[in-house]
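Across the two complexes that follow, subunit A remains constant while its partner is subunit B and subsequently subunit C.
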Partner chain A sequence: MLLSLYIDGASPLHRCPAGGKLTLLACTGIGIFLVSDPAWLAALLVVCLGLIGVARLPPGVVVRAVLPFAVLIGVFFGLHALLSSLETAIVIALRFGVMVLLGLLLAMTTRLSALVAALETGLAPLRLVGVRPERAGLVLSMTIRFIPLVAATYRDIAAAQKARGLERNVLALMVPMLVKLLRRADAVGDALTARGLDD
Partner chain B sequence: MIVVEAVTHAFDPDPPVLVDVSVTLHERRIGVIGANGSGKTTFARLLNGLVVPTKGRVTVDGFDTRRQARDVRARVGFLFQDPDNQIVMPLVEEDVAFSLKPLRLDAVERQARVGAVLERYGLSALRGHPAHALSGGQKQLLALSSVLVRDPAYLVLDEPTTLLDLKNRRLVEQAIDGLDATVVCVSHDLDLMRRFDRILVFEAGRLVFDGPADAAISFYVDSQTCC
Partner chain C sequence: MSTKDLVLVALFAALIAVLGIFPAITIPVLLVPITAQTLGVMLAGSLLGATRGGLAVLVFLILVAVGLPLLAGGRGGLGVFGGPSAGFLIAWPVAAFVIGWLTERAWTRYGLVTALGINLFGGIVLIYVPGIVWLAAGGLGFGQATALSSAFVPGDVLKAVLASLVSVTLRRYRQHPIAEKRAKA
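Up next is the complex of A and B:
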């Protein structure tokens, strides 16, 4: 999960400004779709693996984080190999592989607060058209913060309904889930107000 | 000093949850007790401006909660029952630093204040940890740290130990004991309330007893057992 990916460290990548890393990720994300030579994409993938070494990230943690994406990339590879060509499948797999590794590098070497600050700085010009960058930053932070709480709420309700023999009843799961989440949203709003962060 | 003057509050269209409450709070430790639905949480919320009275007024050091909410909230911190509703940032130190955002401090001062408050509540070693991975007591201490980092003169606590086991309850109680701020604490925990200077007892929206802890708790226990 993204919120637990950051790994404290003092590598050159940890020290790079979050804004620079975000910009590089965005540029690579666009630029990579202009490259269709598998050799260049493979070289880029090797560079990404090298950057993981530079960041001194524990290999076990990186492998565990990559694994779900690897499965997804495998599915894409298989589909493209069947429906298109092997070369297209390789190109698609390499592109996704590079983006996943770069995304993980960003998440594992950058604190969320630094990412939020970079996002707010990046969105600052949009103030002219009424956008409030600090709100966008808050939305990002809170989304990440509340993912495990929503998951825990679901687990609690699912266990309670299972105890009543209603584990297959979608309404019995969704109605209390919705009620609990709306109540929590109210309570979080009050907490933000109480902390003087309502405006 | 917090002054509550002839306050009545109703959540329209329901009947009033508080009726004609007047009280001046200046002691260091003030407890608020009462049965469920007696109006004690609404009373606590009035003190920080989270609830604005339908009639009457509440002032904190002369600032009116209706018209000067920002000044009031700078003075009155609020700790909720469930810390999961109060912690809004993913990492421990980020949540504490988030409270300082409106003060626009430079990074060095911000880090110093965050470090000091985390040290005080034994959370220094956890500063880079995800908040969701903390124990119940640690979460409540984090929520408390996030409030106290702004150095409020008053702290309102709404049942801060209700969801905690004995060990975590003691952790939070020790933290409350050590606070410099004036504390107003809503709780069903009568052992905690015994340590307070003054207790307000609410019943059906009315302030029915206001006095020292032992007398107030005896009054409350009698009122709950006689019927």
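Up next is the complex of A and C:
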């Protein structure tokens, strides 16, 4: 199961610190709602496409990653063109397109571990309200590790219930699945405590 | 939060991600794909309670925001929080928190009817209201936004029924996180 979209490379974008890229993305995400001139948004979209070139990302991979959004953008564009105005439709489609491309740029040029580390640093101010950033970082990395694990549990239980002829019974799938997860939480919690990560 | 609580939060965040692998049905006329992920949101609240349930959904959304393709259909990135379904997404952690809070309050008399009421309120009312407001604010107008969103209600009612059946079944489980929390308090 492929989680990370990271594509190895040595472009300037790959070498930028993850924290900087993350901050820039967040600022653009907020700032873009202040821009409603289609010309500026189109220029921004061109810049994003240029950055994809700078990062030397294989076009095929980028297109495949954009596809799940393309339908959504297209439908939303059509709807707005019909119900409000063509200009609103263009502005909304461009905004969404820019954010999707920037998000992909970040994910494809940054290692997952670097992202989690940057998030941990970013969460440091939360120390003031009693959140320990290193524990938040631990939760994020554990989640990334658990996703393939939970998926495997799901497949195992689905196969077992299919053998019993229960493949259409969602309850027979979810209940053992959750019991397994809760038991695993005990085991992992004990293992972490044993390694000195206690409360 | 104990270390085990952190593990529970991570496990349920992962569960929500895995539920996104269930085949998502994107109906062309609709903007928001139908997924089993809201089932995960309801289960996180019903099983972990308010704080841990809300945090599990929040952790999931943070990972989506930094670009992991975890939303059904392989979507991710900060873009989804500016997209048409952003209102629904932002409502998820609140819904999980409220479902958890109500479940903890109702624990001693938690049965199918209570569970169903809680999950329908948290999983549908609390998610659809912000979702529709956001869609409407995007320029669609309330009438159209409501009409579009209502196509998802039958699926979500089904998920609320499932979440309630599951959490009532697990109510007496010795290691139920809410039961453990109550035993400790």
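Keep in mind that, in the parts below, the second predicted complex is superposed on the first by the 183 of 199 C-alpha atoms of A that agree within 3 Å, B and C clash if a C-alpha of one lies under 4 Å from a C-alpha of the other, contacts with A are read in each partner's own complex, and residues count from 1 in each chain.
One rule holds in what follows: a residue touches a chain if its C-beta (ideal position, glycine included) is under 8 Å from a C-beta of that chain, and two chains touch if they have at least 3 such contacts.
Since the model is a prediction, treat every value here as computed from it, not as a measurement.
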Review point. In the superposed arrangement, does A:158 touch subunit B (first), subunit C (second), both or neither?
Key: neither
Point to revise | Which superposed partner A:113 touches (first subunit B, second subunit C, both, neither) | key: first
**Study point:** Of subunit C and subunit B, partner touching more subunit A residues
**Key:** C
Exercise for review: Considering only the touch criterion stated at the top, classify A:25 as touching first (subunit B), second (subunit C), both, or neither.
Suggested key: second
Review point. Which partner does A:8 contact after superposing on A: first (subunit B), second (subunit C), both, neither?
Key: first
Review point. Which partner does A:135 contact after superposing on A: first (subunit B), second (subunit C), both, neither?
Key: second
Review point. With the two structures laid over each other on chain A, which partner does A:16 touch: subunit B (first), subunit C (second), both, or neither?
Key: neither
Exercise for review: Could you tell me if A:42 is touching subunit B, subunit C, both of them or neither one (first, second, both, neither)?
Suggested key: neither
Practice item. Would you check which partner chain A:61 touches, where first means subunit B only, second means subunit C only, and both and neither mean what they say? Key: neither
Exercise for review: For A:84, decide between first (touching subunit B), second (touching subunit C), both and neither.
Suggested key: second
Review point. Can you pull the subunit A residues that subunit B and subunit C both touch?
Key: 3-4, 112, 138, 142, 144, 149, 184, 188, 190, 192-193, 197, 199
Practice item. Going by the contact rule at the top, pick out the subunit C residues touching subunit A in the complex. Key: 1-4, 6-15, 17-18, 21, 26, 28-31, 43, 47, 55, 59-60, 62-63, 66-70, 73-79, 81-84, 138-141, 144, 162, 165-166, 169-170, 173, 175-177
Point to revise | Residue ranges of subunit A in contact with subunit C within the complex | key: 3-5, 22, 25-26, 29, 32-33, 65, 68-69, 71-72, 75-76, 79-80, 83-84, 88, 92, 95-96, 99-104, 106-107, 110, 112, 115, 119, 135, 138-140, 142-144, 146-147, 149-151, 154, 170-171, 174-175, 178-179, 181-186, 188-190, 192-193, 197-199
Point to revise | Residues of subunit A that touch subunit B when the two form their complex | key: 3-4, 6, 8, 111-113, 134, 138, 141-142, 144-145, 148-149, 152, 184, 187-188, 190-197, 199
Check your understanding: Okay, in this complex, where on subunit B does subunit A touch?
Key -> 45, 48, 50, 70, 73-74, 77-78, 80, 82, 84-91, 94, 97-99, 101-102, 128, 130-133, 146-147, 150
